[in-house]
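Below: the structure, in structure tokens.
All chains are identified by letter, namely A, B, C, D, E and F, in their written order; residue positions are counted from 1 within each chain.
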Amino acid sequence: MRRLYPHPYLSLTLFAVWLLLVNGYALGSLVFAAILATIIPLLTSAYWPNRMEVRNLPAIIGYILLVIWDIIVANVVVAKIVLFKPNSQLQPAWVTIPIDLRSPEAITLLAGTITLTPGTVTSDISACGRSLLVHCLHAPDPDAVRDEIKTRYEARLKRIFR
Amino acid sequence: MSLALIVALPFLGAFLPGLMIRSGRNACAVSAGAITSLALVMLGLHAPAVLRGEVIQTRIDWLPQLGLNANFFLDGLGLLFAGLILGIGLLIILYARFYLDRRDPMGQFYTYLLLFQGAMVGIVLSDNILLLLVFWELTSLSSFLLIGYWKHLPEGRQGARMALTVTGMGGLAMIAGMLILGQIVGSYDLSVILQNKEAIQASDWYLPALILILLGAFTKSAQFPFHFWLPHAMAAPTPVSAYLHSATMVKAGLFLMARLWPVLAGTPEWFYIVATTGLVTMVVAAKIALFKDDLKALLAFSTVSHLGLITMLLGFGTQAAATVAVFHIINHATFKAALFMVAGIVDHSTHTRDLKLLGGLRRAMPITFAITTIAALSMAGIPPLNGFLSKELMLEEASHTVWAGIPWLLPVLATIGALFSVAYSFRFLGHTFLGQPRSQLDHPHDPSVGLWGAPAFLTLLVVLIGLFPMLSAAWLIDAAASAVTGEAVAVNIYHWHGFTAAFWMSVIAILGGFVLLMLHAPLNRLWLATPRPEAKRIFDGIVEPLAALARGLTQRLHDGALTRYFAIATVAIVAAGFAAFLGGAHSPGLRPETPVEIVPLIGWFLLIASAAAIVSFHRNRLLALVLVGVIGLIVSVGFAYLAAPDLALTQISVEVVTVILLLLALNFVPKTTPFESTRLRRGRDGVIATLAGLGSGALIYALMMRDSAFPSISGYHLANAKTEGGGTNVVNVILVDFRGYDTFGEIVVLGIAALVIFALTEAILRAGPANDRLLTWVQDQRDAGDRHPLMLVVATRMVLPVAIMVGVYIFLRGHNEPGGGFIAGLVVAIALVMQYMASGFAWTEARQRVDYHALIAAGVLIAGAAGVGAWFTGTAFLTSDFGYVTLPPLAPFELATAMIFDAGVFLTVLGAVMLALASISRIALRAGEKVNTAPYDTDLPDGEVR
Amino acid sequence: MEFLVASAVGVLTGAGIYLILRLRTFPVILGLALLSYAVNVFIFASGRIAIGLPPVLSYDDRDYSDPLTQALVLTAIVISFGMTAVIVMMALGSFLETGDDGIDMTDGEDRR
Amino acid sequence: MNHWIIAPVILPALLAPLIVLGMRNDLVLQRVFGLAGTLALLLISGGLLYTASVNPPEVYFLGNWPAPFGIVLVLDRLAAIMLTLTAFLALMVQLYAIGTGWDGRGKHFHALFQFQLMGLCGAFLTGDAFNLFVFFEVLLIASYGLMIHGGGRDRLRAGVQYVAYNLLGSTLFLFGLATLYSVTGTLNMADLAVKVASLPEGDAALIRVAGVLLLLVFAIKGALVPLHFWLPATYANAPGPVAALFAVMTKVGAYATLRLYSLVFPPDTPATGALFGDLLLPAALVTLAVGALGVLGAVTLPRLVAFAAIASMGTLFIALSGFTAESTAATLYYLIHSTLATGALFLIADLVQARRGDSSLRHACPPIAQQGLIAALFFATAIALAGMPPLSGFLGKLLILDATRDNLTTVWPTILVTSLVIIIGFSRAGSQLFWKSHASPADPAPRAAEPLAFTAVFALLAALVALTLLAGPVTAYLQATAAELMDGAAYVAANRLPELP
Amino acid sequence: MTLVTEILISVLLVVAGIFGIVGSFGLLKLPDPMTRLHAPTKATTIGIGGVLIASMLYFGLVADSFSWHEILISLFLFLTAPITANFIAKAHLHREVPVSELPPTGTDRAWATYDHDIAETAPNRNL
Amino acid sequence: MIELALTFAFSCFGLALLFNLWRIVSAPGVPDRVLALDTMVINMIALLVLYGIRQGTGVNFEAALLFAMTGFVSTVAYCKFMLRGYIIE
């Protein structure tokens, strides 16, 4: 089973993607989605050599909902800054986020979350992969940003990725 | 048939000497001689009949549609000339055998000689003026080879070129003249033309035709002012000079004038052009001959002079004069060929032809001396030799010919010509053989009989004809002259005419000639002191500047300035388009304008602004590329807006692959374009571009506003796509079915493009400047450290499978909804490119080797097979079929053979894009790009560690 | 709308022509790319433009935008893509061989 | 349905990928299959030539779609002639390339060669205007690959120009086609003929523009001044055998002009009248003059031949511009002749260049291996190309002169004077190349005999001789061809078009 | 179609439009490249998200034809937006920002963009 | 009401396009331009979807999806070019 589905979450995603693509859920589509969701990961597995270890499905769903909520907030915050804050009052800042996550997928997910949420963009990673460089649009207190990221997102991700 | 054979023999035999040369020089000469003899014998067999007044004809259809046929006829004139050509040819072959050096390639010589001989015989036996032209030009070509035979001599090369140029020019003029003549008469057959004197001479085109034909004749016969090539042709080996430049080729012009005499002669135009030219030539050339120190040059100008004489006689337009011309043709051939051979003998044994160095050879070379004496006396017109007979007759004719109302002009000038002729003849004889022997000459001696035999034979003829003209020549003259004039001629030649004007003119000429020779030394000083045009300088002065002009013009015009080529092309296209438009009626269209909405207006503005920005900022190449991307985006969205989603899909995916390709290439070329063109030039280009833009914009506007006069064929496609093609996406059904053949060609184009790119890459990566440049490549920009950023690599692990799935989806739905194999191929290719960008070429390749060549080939083969498959059902290539498959519990779905075709498209596109990108990546690798072993560069415990 | 399309074609043509008259390969290639956009829109528009018409058959009596010109444009796009790829590579090869990305052969190479 | 009609396209189209797929690293196999393919193509073409001579034009309905809705192939005499000529030249060129090892100097020669043939055959057979464009592109892109085969500085630079110029031409082609389609609503050539003839007067200006734009496209292909500039550098820098094959490429332009403007825009078309002939004739005359000047002024041998090719295109288009049965027959005769002669001369130039190591005509070089033989070949071919007797060039010129007697005061002097200039140019070049070299005492560098290469050249010359000797029957066939072209009714009928509503 | 759905869709569209234009406006207004990076990558995700949800609702509730494939576009953009931002930031850092302006990594290695020791292996020119 | 909202949205995204173009043409650095181009793609996707709503057709869905995909890939390519020169290494 593991050989047939090297990345089960990918297969699941692809199954869903096919249904989304055909914009329906007819029986034929389900069968075809299953076939493709099996074949395509096999074709591309060479490019995903390691095995992603993920657990705790409720945590994943919780994380997704949290991020969506944060994105909505982020957009409002950024919109206000863009529209109403004079450039002179902006206090952009660079923040270094030390990370404990070791899985590349987890790090990427964290970095992506940071970018998608309020006023922060992940700009770089250290060559050893142990810290992220984050740019803040308006951060009078950069340390607070770092702490929030670590507690709000990284801690949750640690529970998801082993 | 046998006439054709006489002509063909030398041509067919021309290969023999070349082949026989391996068996030795004698075999070579004998084979050439045998061929000539055979032809001569065959000619001789016809002689009795011809002399009885019959005309022998052979007709072979060649190009009857044009009136060009291999028709030959033999009459007296033909017999005379063919006899001369073959007879003297035989002697020359003999003479050349002993004349040519051991080192000379004799096989080549005889080959050329026989080719020439065949061409000459062809001229004189042709009964079709187009056929005659063929042979005429052949003589120019073969003589080019013969004159240039001694390839190591620059004079040979130049002389050959000059001869070819001048006679070639005449030949081309003659083509025009002959064609006109044929048009007037309605036939190119000589025997027909010769019957149409009135029609020809009454035609408006008579004079042009006459001039054009005479141009051919005059150049060939070296008539003034085209006489200059002949002396330079003397760089040829002496046998060639003797044969071509005295006996035969130069007489081709005379032959032609004689041949066409019945229809062209007799008009004032003819008289003034031909007689005057002949007269001037005779006098001028004779004078020049006197002052030439080179034996062959002297003979050459003498030849020109005599040709002038004959021309003049033909120009008189009377039967008597024409008869004399024929007679002199015979005589001149005998003594002049002999004299040329003598010159060769002298040259051969003394190694010089310079009259200033020669002298007193009579004792050392008695036989040669004897031959020369007779021949030279004949040339001088001393009785009783044959030269005397014809010259006397000439003077007689001249004496009663009035030129432009001046009775004395012709006699006086003719006498002067004769006088010079006497002088140079005696100079030739005297300054070579008489006087004191010259010590610096190294043991001169008579040659073997092989060399002197031929001239001796000719001298014998000189004497024979001189003593017994009626017995030895009159029959031939009669026959030939009858043929020339078209009326029966019976000559009566005798030595003594009484004290006629001609007699006194002759006396004056001989005495005057002696006096002139006595005065040669002072006159020569005067001659040398007088500035005079030198033919070669003039010729070079015309040809070389022309060649230089041609070179200059050609090089300047085609100097590789593509931008100018483009400017010219654009202007030409726009101008032609406008002109075409203005030349026809145009009813402006009445279609209503489609209303404009705000967003398209913004898109339009974006497009205009981007185009303007590209023009302004194109020097920043990356920016220009980004702007092209913007335009691509807008065009894609525009297609979607205008109800063409397939186009939008294709445009956008092609767009991104193009950008990637350009970025890959841009890495190796300068990132900016320097300021180079002047303001003026930019202005010019701006004007051209504006005109082109106005043109295309106006054209499409006019087209859009007018309805097509007929219903478009696309109505059929709309009506039948579903029912006959099995798909609701009409565009796709057109692509894979109605016009699947176009698509087949289109994927072949893509496949070829990839192959070309691959082959080009191979060439670049071979040892050479490009490879050197790559090996020492230094990036012109600072590199960032991170080559395979972690986030991209991880994201690609998701995006790649998703994108492939999108590709599959787009492929499968293509027949019914926007999409299809082409877009699907591009989508998958883009996905793979993303993988390449993420983890690098080498890492990706190492994990999954796909043979892109095989993909392309398989794609084209599958698409082709899908087409060919239809043959098995008895239908045409690319005939498709479709049906619905029911697999319970699934809903029925459609399968169409067009999908197999589309699969071929998919594979080809994928393979082509990937092969092209992989090829460029190889260039980057050669330029020192490093190969990674891990999927990303960040230190993380993932898969392979670096 | 027709005027917008026509003027877009004209502007793209003009810009393309201006760029192909430049002296370096890169702008010339961009110019050819612009020309190919211009002609693609030209072909498309030569079938008369339509807005809001269905591109695929939906079984009613409505008008359709001309599918044939669309197919022709598709073919033209693909072909010009192949051609562009080839000329890009050739220009690159030429630059690598000579160290010069001029499009003209003014140093007399053409005369040799 | 006669499937043989499409064989000349399908055979190379499938052979080429097979070569890529199965034998891309085995030159010997490529050679064997490539030669076999081209030979087969020649045989098929010969068969089609015969078919076309006994049958009226025959149409192959691709995909079984009726004309004018699908794409059709049309086999008529003209198409068959072009196919056979192409196949023959290609076979010889291929022999030469193999014999000299040219095919091994880069990748994919044989595959590209087959694709090139596919493009050419497709262009000759198609009865659809847009499909003509597609096959133009196929043959062009293959020609790009062949042109830069082996790489190298000058070849690449010239190659870029060649491609760029042709891209402009392709764009123009599309402009023209779109205009044509927009006015008539059709792409099938026979249908175009029917519709253009009955266009309303208000469309005259637009259809004239379409016609002129397309004419200019073909003029680019046919190297007519002022659209000829791509040719000299391209031909001079292409590998010898490729340049020889390109002899037929310019003829594609002539073919397309002949096809389209005798069928769709014949001189009796109300909207266009004699427009195209009037445009072509002066351009052709200037082309001939430019080509002749180039021959006289050329400084290298390949350029000399290239300009001779331009001159021959000028001559060809002079005849073509007449659009009468007589001038068309002359055009076709000259077309066959000049293709073979130009091809042969390019091969000979390559022989010389390979041995001399230098192509300049400005200075003499030591004698070369097989000098005598090569000189003789050069001489014979130059005679043919210069239009001197006795070879087919002369007959072709006579036919053209005869056919253009109505333009006696402009055409005749141009043809005759340029002939002289070309003769002078060739004689200067030939004596410089083959005679002056004797002045130097050095022995020629030894060189392999390359029998295949010489066989190819001999075969081309033999074809010229045959064309000369068989001028009568050949011209008869061509006259029938011309008659078929001048009367488009049979062509149109073969398409079985539906009745106009 | 109920008024609620109509209002819902309209609101979504208006909100989306506002965020769309704010994102692009920010691109113009914000003072330096790094701050500009914040505006569009965020605002356009919600902008386009709103449009896509509006589309889904419209087809599902108004046009009465089930549609959910818009989700795919959203997913795709959410997946790629951080990567895009990351890359643009890296490009900016590389071209414009000296390493001294950045905070330290807190590790023994530099920020990846500035770290030239990464994965250097011997060049292989023979491929 | 939807029609009105649609018009509003259309105008917003159309105006956004103009802003993007302005940034592309006049920006201090290439990264800014790439950012603007990327944003432009997003705005065009929005326009395509809006157009689909107005026409009541989902036919432009694939185009929008492809825009997203190709926009991403070309942005990455541009940045890779600025970072390393070689975009595939």
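The rule we apply is simple: a contact is a pair of C-beta atoms (placed from the backbone, for glycine too) under 8 Å apart; a residue touches a chain by one contact, two chains touch by 3 or more.
For clarity, every value in this text was computed on a predicted model and none was experimentally measured.
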Graph distance between chain A and chain E, where chains that touch are linked: 1
Graph separation of chain C and chain E (steps between touching chains): 2
Chain A and chain F: spacing of chain centres that average the CA atoms, whole Å: 22
Centroid distance [mean C-alpha coordinates] between chain F and chain B, Å: 59
Between chain F and chain D, distance of the C-alpha-averaged centres to the nearest whole Å: 48
Chain A-chain C separation of Cα centroids, rounded to whole Å: 40
Touching two or more other chains - residues of chain E: 18, 23, 25, 37, 67, 69, 72, 76, 79-80, 82-83, 86-87, 90, 94, 109-110, 112-113, 115, 117-118
Junction residues of chain B, two or more chains touched: 555, 558, 560, 562, 566, 641, 645, 666, 696, 699-700, 703-704, 712-714, 717, 738-739, 742, 746, 749, 752-753, 756, 760, 763-764, 768-770, 774, 783-787, 789-792, 795, 798-799, 802, 806, 817-818, 920, 929-930, 932, 937-939
Junction residues of chain D, two or more chains touched: 130, 134, 137, 141, 144-145, 148, 151-153, 157-158, 161, 164, 168, 175, 178-179, 181-182, 187, 232-233, 299
Residues of chain F defined as touching chain E within the complex: 1-2, 4-6, 8-13, 15-17, 19-20, 22-23, 28-32, 34-36, 38-39, 42-43, 45-46, 49-50, 52-53, 56, 58, 61, 64-65, 68-69, 72, 75-76, 78-80, 82-83
Residues of chain F touching chain B in the complex: 10-11, 13-15, 17-18, 21, 24-25, 30, 33-34, 37, 40-41, 44, 47-48, 51, 59-60, 62-63, 65-67, 69-70, 72-74, 76-78, 80-89
In the complex, chain C residues that touch chain B: 1-30, 33-34, 37-38, 40-42, 44-58, 64-71, 73-75, 77-79, 81-86, 88-93, 95-99, 101, 103-106, 108-111
Residues on chain F engaged by chain C in the complex (per definition of touch): 55, 57, 59
Residues on chain E engaged by chain A in the complex (per definition of touch): 18-19, 22-23, 25-26, 29-32, 34-35, 37-39, 41-43, 45-46, 66-69, 71-72, 78-79, 81-83, 85-86, 89-90, 93, 101-113, 115, 117-118
